[in-house]
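Labels A, B, C and D are assigned to the chains in the order they are written; within every chain, residues are numbered from 1.
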Amino acid sequence: MRTGMWLAGARGSVAVTSLVGALAVRACLAEPVGCVTELAPLRSPALPNLADLVFGGHDISELCLVKKAQSLVAAGVLPASIVDAVGDELSAVEAELRTPSRGHSQEETARQLIADLVSFRERHELDQVVVVNVTSTEPMPAAHPAHQDLGLLTEALKSEDVLPPSALYAYAAFSAGCSYVDFTPSVGARLPALDQLALAAGVPYAGHDGKTGETLLKSVLAPMFAMRNLHVRSWSGTNLLGGGDGANLAQPEANAAKVASKQRVLRETLGYEPEGHTRIDYVPDIGDLKTAWDLITFSGFLGSRMRMEFTWHGCDSALAAPLVLDLVRLTAAAHSRGLSGRLPQLAFFFKDPIGEVSHSLADQWRVLCEWVGGWNDTE
Amino acid sequence: MRTGMWLAGARGSVAVTSLVGALAVRACLAEPVGCVTELAPLRSPALPNLADLVFGGHDISELCLVKKAQSLVAAGVLPASIVDAVGDELSAVEAELRTPSRGHSQEETARQLIADLVSFRERHELDQVVVVNVTSTEPMPAAHPAHQDLGLLTEALKSEDVLPPSALYAYAAFSAGCSYVDFTPSVGARLPALDQLALAAGVPYAGHDGKTGETLLKSVLAPMFAMRNLHVRSWSGTNLLGGGDGANLAQPEANAAKVASKQRVLRETLGYEPEGHTRIDYVPDIGDLKTAWDLITFSGFLGSRMRMEFTWHGCDSALAAPLVLDLVRLTAAAHSRGLSGRLPQLAFFFKDPIGEVSHSLADQWRVLCEWVGGWNDTE
Amino acid sequence: MRTGMWLAGARGSVAVTSLVGALAVRACLAEPVGCVTELAPLRSPALPNLADLVFGGHDISELCLVKKAQSLVAAGVLPASIVDAVGDELSAVEAELRTPSRGHSQEETARQLIADLVSFRERHELDQVVVVNVTSTEPMPAAHPAHQDLGLLTEALKSEDVLPPSALYAYAAFSAGCSYVDFTPSVGARLPALDQLALAAGVPYAGHDGKTGETLLKSVLAPMFAMRNLHVRSWSGTNLLGGGDGANLAQPEANAAKVASKQRVLRETLGYEPEGHTRIDYVPDIGDLKTAWDLITFSGFLGSRMRMEFTWHGCDSALAAPLVLDLVRLTAAAHSRGLSGRLPQLAFFFKDPIGEVSHSLADQWRVLCEWVGGWNDTE
Amino acid sequence: MRTGMWLAGARGSVAVTSLVGALAVRACLAEPVGCVTELAPLRSPALPNLADLVFGGHDISELCLVKKAQSLVAAGVLPASIVDAVGDELSAVEAELRTPSRGHSQEETARQLIADLVSFRERHELDQVVVVNVTSTEPMPAAHPAHQDLGLLTEALKSEDVLPPSALYAYAAFSAGCSYVDFTPSVGARLPALDQLALAAGVPYAGHDGKTGETLLKSVLAPMFAMRNLHVRSWSGTNLLGGGDGANLAQPEANAAKVASKQRVLRETLGYEPEGHTRIDYVPDIGDLKTAWDLITFSGFLGSRMRMEFTWHGCDSALAAPLVLDLVRLTAAAHSRGLSGRLPQLAFFFKDPIGEVSHSLADQWRVLCEWVGGWNDTE
């Protein structure tokens, strides 16, 4: 099953780490640590192999992939020996990257994106293409009637800038018959008009916002408090990060979108919203090795007051990249099995999952295992 | 269903917090925060109500319950208003406490324990009695052939000190037709001879070692690393605590038993044993408000190295006491439904659960919910 | 030396903790823990004794002192037994508290404040009165020409609201011949016109912003990095607090004033400003037991990168209150020895000290000890 | 002033980091970050320049210096570019390293050490040689009468193994007219007989145990609590480290020596000993990037209970190496100015300083600055 992995934001840290890692793992230069589809309960003949993936993508930056990879070596994200070893193959991927061109209307811009996707699929005789959004977090867009209806949207695109870039990308992907994964908190495919389009086109989509650090911890700790009937009084979090992601999230609008995405797990898991805030601060020196600190105050039997703190020092790109590969493999398999529309079964991967799903990591894991296990039973 | 709750170690911090809490909750003076049998998925007509519990117990100390409760107020564990409000009822429990007498042989000591249990059951016309061990942690006993066989044990008790106190207690409980819960890491009922006795007597038992702090966190964090295919390189823990429990655990032998109990979850959940140690240090000033600090180093995609730390400031007695009440209710229900021998379904509550069970808290929770849910279906 | 301690904000947490503590210590009900003037190098016959202090003050609130003290018992700041023991004396202080009245002009308001201060001094035949500002943090005021010149100020007060409350208070104190201590980050006496007034009136003043937690730590840790020639790359801080102080600091303007006060120590001690921010978040549940978390990244020999974190769980009122008593004793002594204008020798107590002084706690301590020691030599 | 720096343990991590760093800084490849003698108050013409240092040493290992440096690159301690750049010079140092030979008696072993030192001095026409002990921590030796008296010692060395290696080294250094710095907690020169020898030989010595992490923090935090009259109730510390130092300190005897060295600062600074222990645990995965976690509980005004925690992630070799260079420069200067015996003025550098000195870092800094400043005045 030849599968295209098309990255929107292909020259960013997460994308390049994914590419280097995929090339390294399939050359047996590294173990697939961090790839969950390599764990026993998720191994399946229904998934394309890493070796079956063909890479392409868009980016507005023109920084070459090898240069970007070397900057990730300097930042301590990638090992020099791996980047050296896969350098030639990485350069070969350059030929598959495109600079998106901006048309006179959003319709025209979309048409160009679609052409790039179709051309990629045909050039490589791919069975399917998964588009993954790993661009920077956008501000929340203003509401617009065209977001609610595919007919209105099609019309509006001709004359108005009605979609934020992530959503225009989803529009193009679905129109081209590609599935779509949103790894960011941007709006992406989360508009009724786009859901209609995905269903009409018979393609599935997944999102939102890869769960890699503080929220991952929340998704196991909040259920722990709930299962033990302990009352969480406050949960406050501080995230310090540098890098391009940090610079972008220092913008108030992007910050608001991200913070909303991060808080949802508490409300959904506990059934109430504890006091406290989640902050994101840009500290360039910290680079990609993000530090999150959370303080949780809670009360137990007879009102006894207790607290816990944690500090998480995680390399965001290294945590995200293997999940991108997992999502491509899983979404491709879903697509090839005829699923279309939302994939709530992939909630395990996301801070702000689509659909009415459990926010407990363990529940999400079980759902995922059963879903993939079901494919094996029917092969 | 009138149920006796017989506490071995009835004047200790956990026991007295349980008693005060049970009296307060059934008088509607406090919410049952921390009691998991009050959560929707575990509510069941099969469980005795708190109001149906009758309290009794043994202790070698003679400190009166109200005095002990007042010392727990001073230590910040119990609120003064609650202790004042239940003082009279707490004093009434005094009448049901016994000082265990030591016979010429362990057989004779056991006979006296049995007599106390039977008398308690008959005096209060109880349907059943659950014996809960909340005494101090014992050293691991030396192996002895009589531990393997009930016949040999019965013989040996006449002439040798062959059982540590916690096991002699289990022997007495089973002989009296009572179920038994071991809330400590002591050997308790974990001897083949005692398992034979429980089965013969038709009584169930559960254990070992209530999971209230650091290990509770391990039971959600270790599965998180496993589910994400992240490699845990080291996991080091330090536990600082005062109080009687701290003083006892400062003894090397008790410390060893406890530490072994605390480490098992990592090996079982991760499938390998990371580097690092768990330490317990006695710091009297810290009292019952235990502090645990853990450092976890792990590696992800392409060898990236990351770490997390947590600090847990938890009041051990307040965390343990509601679980004692839960265990009594659940064990009583199991007994009344005819179950005997090990209750691996109660793994959720224990650091070192009996049987071949998952050590993931989420898995244990599901098992528990399905078990109790099954009773409701058949009522 | 009979000394008046007049509290602006007399019904707030810091003020009431100071009052309860002063009453308790002089009744030998508590040790003067936290009072630095009780340490050997600062003991001096030049200082008024606690027993010589007479208490009074202003507050816009009318909550009675005993009620406020009881709320501090509930919050875990004050012990019930102490509050009970000093209840009568605390009630007696009520008679010395006044509600400030607001005149038609700031001149008229000041006149009333002056009258209250003079009446207090005469009524109790005090040798001197120290006014301490422990009101809530104000926003930074807009600049005004009258701030620069006492003549202009005197004129402006007749017709304009030219001074923020803390500065009007300093104006009144100096006009009444009282010394003034600003324990908050508000502007207080920090205006050239007020400095002119203090010098003209022959009274000393001290400030700003009592150093009780995070900044106290910075004032020993930043010098440590400097003395070891380690390069601090970033210093990020998060402060979580509830209580009235937290609610006020959640206001953006007050927050800005506070944060500016907290950051100065780094720039002054290191000689450069590291990356990173200091945040203050309001979390009502945390109450007065503030939690601060700081992350410091630094580099050493040959560029090696290292980090440290600290968490501080400190009770702000309990940390501040003894320093208020110290400042009153020291300022009174300075006044009685004829000093007037700024007291940079008291930098030890403040986040944002007046004058060109060292921001290293150890240097500040030495300056303080030498200053007080000098008095002893000349007695 | 040509100065020899002779390293006992020349192939260990600290030694090799010192060598690489000295070579890099004098070639202007790196800034002297971490070298305190480069700070304004300690710059002095009395100190030998880094360019004047000549390197030699002993080690029982035969691992070549470049190999060791490369392993420190792999461990993240040294940057590859620096090690590459100084590789040739580092190889040149190889020629000055000797394997110590073990004689039939300690007297004979010492004679050989002396011959190596004298030969080094003469071969390079050095004005003086400073011997620095950076070998592994030894267990505390048993007491022996010969430790008390130089005459007895001289006699005993002929027939008994009366000195541990670090002390035999000090004996040889003094006998050869070299000064001696003990950077470890071993006994070193801390025996009356050796003090007599140093005075007789007219050479100075300094020690013990470089202060690089947890104890450095204690030496600023403990004075902070003392200056604020806050009562430290408990101070518990956990040190997790790998590397050769960690493996050695996991031995109970070495551990005991180290821990004793680490605790002294609290007793000396606070005037009493708080509860709590300092632990050292060997976690190979953590390598040279040591993690220390400390919990401090303290009480303030009216008994309010508070706590602070810190975590220190420091690279021990990188923190120690520049101090080794500082100590060599300062000890050489002291020697050349005619000082002999103990150098308590160097307490700033040590966990367990020689002599009756302050354990506050700020006090130690002032003493050091005044000492070096005094040399400048008299030049």
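By definition in this document, a residue touches a chain if its C-beta (ideal position, glycine included) is under 8 Å from a C-beta of that chain, and two chains touch if they have at least 3 such contacts.
For each chain, UniProt lists the protein as follows: A, B, C, D = Myo-inositol-1-phosphate synthase.
Owing to the predicted nature of the structure, the values given are computational and were not obtained by experimental measurement.
The chains in contact with chain B and with chain C alike are A, D. Over half of the residue numbers at the chain C-chain D interface are used by both copies of the sequence. Note: centroid distance chain C to chain D, computed from Cα atoms, is 43 Å. With each centre defined as the average position of its C-alpha atoms, the distance from chain B to chain D rounds to 50 Å. Annotation for chain A: residues touching 2 or more other chains are 309, 311.
If you check each pair of chains against the touch rule, the ones that pass are A-B, A-C, B-D, C-D.
By the touch rule above, chain D contacts chain B in their complex via residues 233-234, 236, 238, 240, 275-277, 279, 281, 283-286, 291, 293, 295, 297, 309, 311. Chain contact summary for the complex, chain A toward chain B: residues 17, 20-21, 24, 30, 32-36, 38-39, 76-79, 82, 216-217, 220-221, 223-224, 227-231, 289, 299-304, 306-315, 318-319, 321-322, 348, 360-363, 365-366.
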